[in-house]
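Below are two complexes that have chain A in common, paired first with chain B and then with chain C.
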Partner chain A sequence: MSGQSEAETVLSVADLRVDFTTQAGVVHAVRGISFDLAAGEVLAVVGESGSGKSVSARAALGLLPGNATVDGSILLGTEQLVGLSEQRLRRIRGNDITMVFQDPMTCLDPTMSVGNQIAEPLLLHKVATRRDVSASVVELLTRVGIENPERRRKQYPHMFSGGQRQRIAIAIAIACRPRVLLADEPTTALDVRVQAQILSLLGELRRENAMAMVFITHDLGVVAGIADRVAVMYAGRIVEIGTTDEVFYHPQHPYTWGLLGSLPGSGQTAAQLYAIPGAPPGPYAQIHGDAFAPRNPYAQRIDWEQEPPLFPVSATHYAATWLLAPDAPTVNPPPEIAKRWRKYAEFTPLGTKVDVS
Partner chain B sequence: MSDITPHTAALISPILEVIGLEQVFNAGKRDEVRAVRDVSFHIATGETFGLVGESGSGKTTVGRIVAGLLQPSAGMVRYRGEDVNQLVRNRRTARGFHREVQLVFQDPYASLDARMKVRDIVAEGLDINQLTRTRSERDERVAAALRSVGLAPELGTRYPHEFSGGQRQRIGIARALIMEPRFVVCDEPISALDVSVQAQVVNLLVDLKMEHALTYLFIAHNLAMVRHVSDRIGVMHLGQLVEVAPADELYGDPRHPYTRALLSAEPVPEPSVERTRIRLEYDEVTSENDDLVEVSPGHWVRERTS
Partner chain C sequence: MGLAKYALRRVVFMVVTMWVIITATFFLMHLLPGSPYVNLQKLTPEQLEILNTRYGLNRPILEQYLLYFANLLTGDLGTSFQFKNQPVTTLLAGRVGASVQLGVQALLVGTSAGIVVGVIAAVKRHTPVDSGATIVAVLGRSVPSFILAALLQLVVAVNLRLLPIAGWRDFSSTILPTLALAMAPLADSARFVRTEMVEVLESDYAELARANGLSTQQIAWRHGVRNSVIPLITLLGPMTVNLLTGSLVVENIFAVPGIGEQFVKSVLNNDYPTIMAVTILYSGLFLLVTFAVDVLYSIIDPRIRLSGGGRR
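On to the complex of A and B.
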């Protein structure tokens, strides 16, 4: 499933599975996900806590704890990341593929000046020499919008605001001009105005460097602004994937319907919001059939027996719901979703992509 | 005035009046913070008043003062006509006040005692105030509170860790509800919850308000959700209230440049809108000389007046 067939694929994930062995049993955190990421593309991965979105990203960087088992394939260019030695991973991490986290304090060292922290990957991956590294640091700080970089590079993380710390974490992440940036809820802890600034910074960096991005979030508003494609995860699987327009305006999975429908403001005037009943399955839940079945008002008998495959909706759009099976009954989506479908029919004839350039 | 708008209703029978509230932390020290500066508003009986602002805007501090948990540096909160500061000083009136004014907290993981059974968490207010005479009366009250938030009474024998985030927030709401409050301060009640569960909890809060004739002070940073639940909204910036308006008017016709900047930054789940969105900036600090001016009925904006 490639979103943009012409562009080179920089990251290719195939049937990725991650299990954690704990005293209480085995947690199947990621249960077989596949996607391709093209150069310069932004794929948003949407899901709730426990859906496996962060674990997938950490698996790519070999950042999982010792009780994790990773199966499947993560190709960065031609390099297989699954099962790669720690030594080899260290050469790639921070260089070709990097990560930005929700809380920048988890990756910033409080005892080290921010300048030295930005210099670290530059020196490690031999992008800069000791002599010219401070010039590169100043340039990076300027690029991410930190004022007075000459003075501020000597300061420590606690002397910066939350938004500035995230800018510094981004400076470290992009220092070696990675091909792929994994951003794990990078703006969730920030106020909306700072969030808007960080998002526009990430958008600029991606355009300048043709940097591909996997943007993990639970905020569909953020997704709408930044993503080319969207993958919706539920209980360790991708349940829907497509272009941003396809997922927002022509969604097929009842879980996606629920997520989009439960947001206030998007045309809802009723006192009651559309709410998905129940809660996501816990980590040790035994899943029979489709994991979403217990919360799915459209569940048929087969949902309780068998996990649905990803059915194609278009060349770029897939959804794992039995509603797309050839013999499935026709159902009417919630009114709020039907409205979105009508909008989709207006601006793009079904299945075709309109080139507006 | 023949029409009773939410604003005029607030003037007719306010359950809560906040008058010239000031809160200074670390007064006189180098790190003195004026967390709340000259904040005044009313809340009518049965109304939901939304308070929005970014972190550090002072919204939570206002909530804590309103709930009688913090003594303001200056100004006053009147609850049903009486000074909250006086009410909480007197042991007898404090009981009544803390029973009628309840809080629902943001983080249902941090706000429930992990070593207590759910039924004891829910009954804590009853026990402290010795509000039930018999064991069976207590059990009945707990069961009713759990049922009203959509939890089976049998779950009362379990511990908080056995519940999901949304269920824990329901427990937190049951704990407030069992006191039969009139006024509830909801401080970011859904921001720690999974997206698919937020709508459930908001629907529950809306239902309970109708069933129990509650009045809410709803504090949040999620503007869309605040708009959904609120009759009127106040926008806080750097400790000041910069704009107060009926919910739809605030969104349809924001006047203060800070409100406009805030609304323009809030992402909306519409790619066709987001692609062409223009974000507005606002970096100013409003002057001490600014005052809230009524620009249309019930719509107040902080403007330079002198």
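On to the complex of A and C.
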């Protein structure tokens, strides 16, 4: 979907910073991230636990705990969400922007029928009236693929499987036709077959409703099928962002190389799977230079001294690594990545889309 | 499994339990030392023989048991040995009303106030409101009901002259004993509901509700109350038992013509029919409460109703 850039921007995040003040010190969970999201576009945010991806999404909804300070700008359409009153935020949540969570087993109220739970945002935001709400509920259940919706809307969450519950959570999320859906690892807790079904459901929904989506995951494997663009996060920063093709086939950041190298592919045994050495910096770590430097086999002296800016690779592709600096030494990426680069070079001059499935 | 079928099965179990209690109490009671006759030493063997025949106490114990049971099934609980040959039912009927009224009032006032205090404390967590609720709960749990009863009498009845100090005449005279008894269930349920509610407010479904625009208050009342009151219902059983024993003292302080005092007297006097009747009454009440709790539970929590007892 290269035509996305002309579409209207629905969510614009600029220099977002989130700090948590705790007794042990200040945690810089998000350290200045920026991205734009166009209507109907899917941006996958990939990163390890603690990289700040969920915190960024929660910041957009104003769902962070009281010890969090949020700085920067999150524009939903023309409305600034950072510092917005709780009252106004409540009117926006569920209506214009909403979230789907990781664990479908616990994200529904066990003592309320699923129909009533789907009806809740509809009534709250006055999208439906008490009289016609059950028709809307049946329609939504049908849309997310629950059979016998007329009967099943009166049932309780424990009578549904994990995949069905995630479908119901999605029905709640899309009930008021929000412009932006933040999906926080919505398929992580599901088995692979159900994962694929939920992914294709989300794909259909965003096409039908022109709903933009931020798809948060730690699993690069599920990204290719659904995302238009990919942002790779490390230690609270976006270290590489580009179209899915660019990030998968022309990656520039050594961290992205590591992530792609650790994807299980064909012809590899478990022993051959690549693991990035070391661990990400702890929450209270003082970061000097590039946060990734200690784990980066390509680190130069400057990596230890100064944080790299996002260098442009193309109009849509940026990476924060000193390897892209004009005076950087030329390095050879790992063979697995070099193979991807060759594939990318074969396709891009013709302007055709690389098949990423 | 349907609710009716579940209830029916529970009723059958209750009947069996009741039979076991009656049988066990009947035989244990006859093992008690002493005799029903206060002036046993002064009785001639002839007089004793006449009395024993009159009350059927010289028959074999098994026969007495069967006879008692047959009478029980027709609703005849016998006559008291001590109180001027009054039928036991008449004796207790005059007293049961006061005890039940006091207990029910205390339970209703205590738990409903406790739920409100608990919910507010959880929603206003870590604020002075929350601390105040905690203090109320700690005091209510640790101050015995008879101290509270005396305090209420002193402040409300003696100093302020707002309510009668004792007795059991109109509704206003029931207020002080009710308050004295309600404090413990209030404290218990407030503390319990607060803990449950804090958990609910941090749950995934609360976060989902928040992500869709509900406020903390809305989440607390729409999703929280049901989810935190379900476990509270299990506390109702023990709370009722506490009330039964607590009312012994409180009934005495406020001169409430209840049943507690009657029970102690009948045991001391080997008043067999009264012991049996009070035992049947108390255990019947207890069984009914636990039954009501379980039925309520399954109405509120659909998982239990449909899986026939097992939770998730």
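In this section, the second predicted complex is superposed on the first by the 336 of 357 C-alpha atoms of A that agree within 3 Å, B and C clash if a C-alpha of one lies under 4 Å from a C-alpha of the other, contacts with A are read in each partner's own complex, and residues count from 1 in each chain.
Here, a residue touches a chain if its C-beta (ideal position, glycine included) is under 8 Å from a C-beta of that chain, and two chains touch if they have at least 3 such contacts.
Small disclaimer: the values here were computed from a predicted structure and weren't measured.
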Superposed partners chain B and chain C on chain A - clash or fit: fit
Contacts of A:Q23 with chain B and chain C, given as first, second, both or neither: neither
Contacts of A:F101 with chain B and chain C, given as first, second, both or neither: second
First (chain B), second (chain C), both or neither touched by A:A173: second
Centroid geometry (CA): angle chain B/chain A/chain C, rounded to a multiple of 10 degrees: 70
Chain B versus chain C as contact partner of A:Q286, first or second or both or neither: neither
Touching partner for A:N332 - first (chain B), second (chain C), both, neither: neither
Most chain A residues touched (candidates chain B, chain C): B
Which of chain B and chain C A:T78 touches, first, second, both or neither: neither
Minimal inter-chain CA distance - chain C and chain B, angstrom: 9
Interface residues, chain A side, partner chain C - complex: 61, 63, 86, 90-95, 98-99, 101, 103, 106-113, 120-121, 124-125, 156, 158-159, 169, 172-173, 175
Residues of chain A that touch chain B when the two form their complex: 48-49, 191-193, 195-196, 199-200, 218-225, 244-245, 248-249, 255, 258-260, 262-266, 268, 271-277, 279-280, 282, 295, 343, 347
Chain C to chain A touching residues, read off their complex: 203-205, 207-215, 222-223, 226-227, 230, 300-303, 306, 312
Chain B - residues contacting chain A, complex: 54-55, 164-167, 194-200, 202-203, 206, 221, 223-225, 227-228, 261-262, 264-275, 277, 279, 282
